[in-house]
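Each of the next two complexes has chain A plus one other chain: chain B in the first, chain C in the second.
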Partner chain A sequence: MPLPIEIVLFIFLLTTAVVIARLEDLFAAAMLTGIFSLLSAGLFTIMDAVDVAFTEAAVGAGVATVFILCTLSLTAKREYQQPTRILPFIVVGITGAALIYGTLDMPAYGDPDAVPHGHLSAKFIEIEEKAFLSQDKHAAEPAQHGSGEKAVGLPNIVTSILASYRGYDTFGETAVIFTATIGVMLLLRTRRREKKVSPPNRDQMETTS
Partner chain B sequence: MREKIILRVVSKAFIPFIFLFALYIQFHGDFGPGGGFQAGVVFAAGIILYGVIFGLDTMRLAVPERLMEYGIVLGLILYGGVGIVSLISGANFLDYDVLNAHDPTHGQHLGILLVELGVGITVTCAMTTIFYALAGRGEK
Partner chain C sequence: MQWLGLWHYWAVIILMMIGLYIVIARDNLVKKVMGLSIFQVSVIMFYVSTGKVEGGTAPIIPEGGHDLVYSNPLPHVLMLTAIVVGISTTALALALIVRIQEAYGTVEDDELNAIDGAAL
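Moving on, here comes the complex of A and B:
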């Protein structure tokens, strides 16, 4: 049974999404995407995913909204009016229905018997718990990490998994952020060097080519 | 938005706390929720708020564009560097156990702290650089 607050947040979320899709004023739509992210952050907090909530609140509600506003200041403030077309609507409808159909197969929220909880997660929790408890009793067996398995020994198991067990993945993610930023810089940046470059003789180039 | 006095005063009061909170998320990530990525985006949100309120030119004085660009690389190098150090010390890449000669758990703590710091620096600088790239276009 979902909590009342969850139902309220979901209704707000849905309303915001519909309003964003229907709005023609892009400035208002940009602000509403921020509100959408804030509501999602609230939902994540209720689901005990505080890490994700942090990210959603800071990136979605904060930084991304500013980025969208920056983009709007470079382009148009209002949506270009187009005649309503039926084909895109059908495509989106079918995709949405397929996604909802897909969620029917997912395990119930918080189900301890769900498949992802059965393999590695259980193992990680077992190893870390053992190491942490032995640490608390301290002295006697400080580095006695279970039966041959090495534990990280941090109180926050999420950090242990992200930064140590899955250190490779996180390194890759950081590299992805690096690469993405380089891409954005190459695409968007206007360099001060521009002044030095003599205006290329475009007419000449066009005539020669 | 420099002429909006309420925005200016309120944001000026808030920005230090945003940074403080970001540092808390960064360095308390071992014990509570949070970590490098979360801290990085919160820190960047503070910097970008400053830029939005006080203008790009003031922001460039506070956080130089060049510094942010170097930061993106520095964070990644810090992360990779920890891996290389553990490699040189005779363990696998990114195996932090060897970072402390006496207690592998302390080695893990140190390794995770450094690695998360690397992620935090990269994310902060990446977000700020993207903001500079986007907002800088509007200037001309």
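Moving on, here comes the complex of A and C:
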């Protein structure tokens, strides 16, 4: 049984996405992407993913919107009117239909017996729950239990998995941020140097183009 | 109607397709990046929705909370990583767009093609 708030949020999300697609004023569209991220954070909370929700609210609604606004201040404020083309609609329709056909074999939303909830996830929850609750009773005892598996012993299971069980994943993520930062710095530094050294060169480029 | 339990996935797929449409049909590069972020949020939402357990709570253990049902924490962890990687790629794409604006004086895809075609 879907909650009414879920339906309302999904309708808002779809409306926002359609408006972003149709708007020619890019500043308005950038603000709408922030609203889009905020609405999706609300939906993540309803889906019990509170950590994802506040990361999305901070990163999607905050940082990404600021980045897009900065880019818009350096580029065009409006996009050009363009005729509606039929081919993208066909491609998108076929892709969407194929994806919806693919969901027909999936377990229903919220099904407790679905495959992803077994195996590793169930084990993580079991280990951490046992460790944390036994920690409450005997605070001195190390966070270790029965079968010799070491637990992290934090109340938030998502944090335990992120920082410990899947720590290498998070390490890889940090490497990606590092690479992206270097890329952005190199791209934007070249621009500044070119400007400073030879402004006439840039004018030439503009006249030739 | 067993298919009624799948409507979350369908709503997310429609959202995903709107993002894909913006990416392939719009000429402005900043608009394409916006479409890409819509697409990315939809994929994240799809993964998170597979982790939901009926009657479950957020996977945070309360003090003395026995016999609680938790939603699956594993998709949440994977999607946290995906969000951060997504903002990295968005930042890099926007930096590239700024460079394209510097070099060509436009960020419209068809104009860029015209300039490149004229140069050849």
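Throughout what follows, the second predicted complex is superposed on the first by the 179 of 209 C-alpha atoms of A that agree within 3 Å, B and C clash if a C-alpha of one lies under 4 Å from a C-alpha of the other, contacts with A are read in each partner's own complex, and residues count from 1 in each chain.
The rule we apply is simple: contacts are C-beta pairs under 8 Å (C-beta built on N, C-alpha and C of every residue); 3 or more make two chains touch, one makes a residue touch a chain.
These figures come from a predicted structure and were not determined experimentally.
Does chain B (first) or chain C (second) touch A:F171, or do both, or does neither?
A:F171: touches chain B, not chain C.
Pick one for A:L188: touches chain B only (first), chain C only (second), both, or neither.
A:L188: touches chain B and chain C.
Of the partners chain B and chain C, which touch A:F54 in the superposed model: first, second, both, neither?
After superposing on A, A:F54 lies in contact with chain B but is clear of chain C.
Is chain A touched at more residues by chain B or by chain C?
Counted on chain A, the partner with more touching residues turns out to be C.
Quick check for you: in the superposed arrangement, does A:V63 touch first (chain B), second (chain C), both or neither?
both
Would you sort A:L120 into first (chain B), second (chain C), both or neither based on which partner it touches?
Only chain C is touched by A:L120; chain B is not.
Looking at A:V152 after the superposition, I want to know if it touches chain B, chain C, both of them or none. Which is it: first, second, both, neither?
In the superposed model, A:V152 contacts chain B only, not chain C.
Just to be sure I read the superposition right, which of the two partners does A:V18 touch: chain B = first, chain C = second, or both, or neither?
The answer is second: A:V18 touches chain C but not chain B.
In the superposed view, which residues of chain A touch chain B and also chain C?
50-51, 55, 59, 63, 67, 70-71, 74, 155-156, 158, 162, 170, 173, 177, 180-181, 184, 188, 190
Touching residues of chain B toward chain A in the complex: what are they?
25, 29-38, 41-42, 44-45, 48-49, 52, 69, 72-73, 75-76, 79-80, 83, 93-94, 96-97, 103-105, 108-109, 111-112, 115-116, 118-119, 122-123, 126-127, 129-131, 133-138, 140
Looking at the complex, which residues from chain A come into contact with chain B?
50-51, 54-55, 58-59, 62-63, 66-67, 70-71, 73-74, 131, 135, 142-143, 150-156, 158-160, 162-164, 167-168, 170-171, 173-175, 177-178, 180-182, 184-185, 188-190
Applying the document's contact rule, which stretches of chain A touch chain C when the two form their complex?
Touching chain C from chain A are residues 2, 6, 10, 13-14, 17-18, 20-21, 26, 29-30, 33, 36-37, 40, 43-44, 47-52, 55-56, 59-60, 63-64, 67-68, 70-72, 74-76, 79-80, 82, 85, 88-89, 91-93, 95-96, 99-100, 103-104, 106, 108-112, 114, 116-117, 120-121, 124-125, 128-129, 132-133, 136, 155-158, 161-162, 166, 169-170, 172-173, 176-177, 179-181, 183-184, 187-188, 190-191, 194, 202, 205-206, 209.
What does chain C use to touch chain A in their complex?
2-3, 5-11, 13-22, 24-28, 30-31, 33-35, 37-38, 41, 44-45, 48-66, 69-81, 83-92, 94-99, 101-108, 115
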